[in-house]
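First the structure, then my questions, so here it is.
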Amino acid sequence: MTPLSPADVTTMSASALADALVAGDVSSAEATGAYLDRIAAVDGAVHAFLHVDADGALATAAEVDRRRAAGADLHPLAGVPLAVKDVVATQGLPTTAGSRLLQGWVPPYDATIVARIRAAGLPVLGKTNMDEFAMGSSTEHSAYGPTHNPWDLDRIPGGSGGGSAAAVAAFEAPLAIGTDTGGSIRQPAAITGTVGVKPTYGGVSRYGLIALASSLDQAGPVTRTVLDAALLHELIGGHDRLDSTSINAPTPAVVAAAHRADVAGMRIGVVRELGGEGYQPGVRARFDEALALLTGAGAEVVEVSCPHFEYALAAYYLILPSEASSNLARFDAMRYGLRVWPEGKPEASAEDVMLATRAAGFGDEAKRRIILGTYALSSGYYDAYYGSAQKVRTLIARDFEQAFTHADVLVSPTAPTTAFRLGEKLDDPLAMYLNDIATIPANLAGVPGISLPSGLADEDGLPAGFQALAPATHDDRLYRVGATLEALLADRWGGPLLDRAPVLTGEVLA
Amino acid sequence: MAHLARLARIDLSDAELDHLAPQLAVIVESVAKVSEVADDDVPPTSHPLPVTNVFRDDIVVPGLTAEEALSGAPDVDRRRFSVPRILGEEQ
Amino acid sequence: MISYEEALQTFEPVIGLEVHVELGTVSKMFCGCATEFGAEPNSQVCPTCLGLPGSLPVLNGAAVESAMRIGLALGCSIAEWCRFARKNYFYPDMPKNFQTSQYDEPIAYEGAVDVEVDAGTVTVGIERAHMEEDTGKSLHVGGATGRIHGASHSLVDYNRAGIPLIEIVTKPVTGADARAPEVARAYVGQLRELLLALGVSDVRMEQGSLRCDANVSLRPRGSDVLGTRTETKNVNSLRSIERAVRHEICRQAEVLLAGERVVQETRHWHEDTGVTTSGREKSDAEDYRYFPEPDLVPVAPSREWVDRLRATLPEPPHARRARLQQAWEFSDLEMRDVVGAGALELVDKTIEAGAAPQAARKWWLTELARRARADGVELVELPITPGQVAELQALVDAGRVNDKLARQVLEGVLAGEGSPEQVVAARGLEVVSDDGALGAAVDRAIASNPDVAAKIRDGKVAAAGALIGAVMKELRGQADAGRVRELVLQRLG
């Protein structure tokens, strides 16, 4: 057998790499080194990373190799490197959430999911770029510059987790952690031709995730295959006593479901309200083909209606800003992060410094949402805005409940369009918000969702995504559908979609 | 808008106010549609899952050392967070 | 300023009290940090109570139980389902810039307590008791007095941030009239006693573990519309509650009689000068933007849980007082003095430790009460335990010390010299009980006062006092005067 080349290592799936590590075909140090080299070669063009921790990753890799050589009982993913979205607290590694306010902040503690990742021996390659405090759908709202879509560097990679999605799509990491408040895992996955899963709310600990909207946020896997997502999901999922909203039950059998990859007899509900007007024809075409493939595999396709989904976007853009305005209040220059003194005011008070710091530290989108949230919660407006949005939330949960009596999973295109050009929607917030129209209902109801590639849109040759949603705590269904469709599409394409991604500048130079 | 910015402790310049105010107006108009279906008989949902009674035991768990706690502080004095003078009354 | 009597001629006071109690849990409300008082700054903190990005709260179950027991003891209903809310406002000692509190869904609501005052009983309605967290503590630097005004900057210690608080809010107390200041004091005193009996807090006002805000408003006699109220903060002893309410009644009356309006505001009590000064004005700008705390799940106590807690409640104060009064054979007046002095627990524990009821009462209401007044502290804050008082009384009962020596022993205990036995030993305060030594001293006294001795021999027993005095003087008071008298009369009788 010929030894694995660095390119072989970085293009194989995480599960294949895990197998190669167990078989001794490659060491974790070699694999981690290959990914660090790849990052060095292409991240100048992609800008998926805000911070790369080469030394830390290589040290973990060496330790895993040593333990493996000593015959230790290791986690199946031990030695497989991964990237972490910069919204997740990592002890000893800068954590900025894409904001100037946290430039250089090094948390004195690990998020629960990071503690689990470290305990399992996955080298942490670095922290990935994102919209500031996860507010955005394009990663253009990062204080550290946008991430570029590996399929077309002039286009957005989706957001807020564009860094994690682009890192995986550009073969800079086999696995990444994302967070999804309204689609920030699934929409970038769709836009970059990768796989992303938002688990059931409470399925993965939020302890250590810099909160955007506490009742919507959920961390999950960002990968290149459905099985890889399941493996990472299983690692980070499960009860955490540090998160009151964590579900006190074992993670659904997601890895088994991904292996099973069978939809025979499954009822698949197409949500009438997600997929009509405003959806790009190429996105629709790939979605319809995917449905046909699933039908061919024995699934029964039914149409369901969720009449209140048309209010989801409005409810979301009240609940999120409200919770965010409160969650982001702590960035006040007193205990950590940026402190800006107002100009010409040496005698400034704490309040003056808070005003000046937050003015200088938050970007436009953060300011928009904080002020919107402050408004929605203020006395006299609470009932009409925040209160009504909470009621819509109930109606959307009821829609799901009703729909799930007719279908085992619900499906739709993940995002209405493929990647748009950088800067195109930057100053049109409402147009930007529409990117999340199909992903938001799941967050409002707390149900799990997956996005996987459905193909390239004919009109622009860019990836489109297929979304499946399941009832709360039935995340395994996503993996059954996802793994089935993934296999059918790979057969049709003759390989993974990412094989068709363009060669990146850095590679040419390298 | 200026009042809201002050409540949110963000010192917005006049230029920013001019830039953001119309955008916010459009957003507010768009999200106001939630009230169309928010009838009195619909209960509000604050938590996506119906979980109640999650408690921890009353035991001391080691936290951070003072050094760790103060490690990210913009200014430290006498093992405390040093902050600009506070106007107004003690709470 | 006009007198209290003048103020009451025209106006009727209405008071309301908001008491914050720090619970005595070993860990904080939402994290596992220790709650010990007086630790090194920022040494009892973690990501959660420091409000670090990403941290989350988890509710202390023991704090919830304490809150429910307090509610039950105050006769409240316990909510079947309630949530926490975020109270949003910016302040440097508040790590998240919101306080996790309860807003319109308190854990306990609608109760009442009967408060004993000199002239009888007043019922104080309880509006609610809810759970919340404490803030950090600021040290103001660069100012003249360490106060907030004039300080150049402040130093914040977050050890206190996140300590569980229960806020107990009364309904407006009407009908107390001239007794309003007394009712305010008695209510807080009684509440403190109740909290002590529940064992939920050490209720030390001087350490801030019980903090009281007093709301006062006046209305013209005969009116049933409530006037504009002020909220006086920083009232940190029972005595100052009474003084502050009284002062605020007079101040507001003066304002109203001058034809001006009372401003709705927070005021600060100054213990040294006995006045309140204006704090921040309550205005509409204070918009806390409450909303349900998404990071904590609702609390839904089952019937069984509530019943189980109800069974752990101490005897209601009223019933307990009646039972103890009977057992101790105290008069109504004696009992009221004990309660009024906040000495019920102390007397009870002293009796439990072996002292006779009257003796226990006497120590706490005379010697120790005097000492507490002189030091400006509450009885419970004196550095002496009921067990030590009982031990001292046992020394008296055994004739080992006389009253005068006993007071000296007490001084020693209060000065931190140890237990009564240790003080007796260290200071050599025991009475001379050796008849040989006493007899010799008596003989010397008779010999040096022949004329007095003659009078006694002639039957003028009253003259014995002079000889007893001489003996006591020689023995520096360390003798049992009764025994000396016996020996004198034996020899001269």
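Here the chain labels run A, B and C in written order, and each chain numbers its own residues starting at 1.
Going forward, a residue touches a chain if its C-beta (ideal position, glycine included) is under 8 Å from a C-beta of that chain, and two chains touch if they have at least 3 such contacts.
In this text, all values refer to a predicted model and were calculated from it rather than measured experimentally.
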Chain at the geometric heart of the assembly (C-alpha centres): B
A-C or B-C - the one linked by more C-beta pairs in contact: B-C
Separation of mean Cα positions, chain B and chain A [Å, integer]: 24
Rounded Å distance between chain B and chain C, as computed from the means of their C-alpha atoms: 37
Chain A and chain C, separation of their C-alpha mean positions in angstrom: 56
Two or more partner chains touched - positions in chain B: 7, 9, 46-47, 51, 54, 56, 64, 69, 81, 83-86
Multi-partner residues of chain C (each touching 2 or more other chains): 46-47, 50, 58-59, 90, 92, 154, 156, 287, 289, 291, 294, 296-297
Two or more partner chains touched - positions in chain A: 105, 107-109, 215, 241, 244-245, 325, 329, 332, 334-336, 350-351, 354, 374, 378
Residues of chain A defined as touching chain C within the complex: 88-89, 95, 97, 102, 105, 107-109, 111, 206-211, 213-215, 241-245, 322-323, 325-326, 329-332, 334-336, 350-351, 354, 374, 377-379, 382, 386
Touch list for chain B against partner chain A, complex: 1, 4-13, 16, 19-20, 23-24, 26-28, 30-39, 42-49, 51, 54, 56, 64, 68-69, 71-75, 81, 83-87
Chain B-facing residues of chain A, complex: 105-109, 200-202, 215-216, 241, 244-245, 247, 308, 311, 314-315, 317-318, 325, 329, 332-339, 342, 347-356, 358-359, 362, 364, 367-368, 370-372, 374-375, 378, 384-385, 387-395, 397, 427, 429-430, 444-446, 472
Chain C residues touching chain A - in the complex, by the definition given at the top: 46-47, 50-59, 86, 88, 90, 92, 95-98, 154, 156, 284, 287, 289-291, 294-297
Residues of chain B touching chain C in the complex: 3, 7, 9, 46-47, 51-66, 69-70, 77-86, 88-91
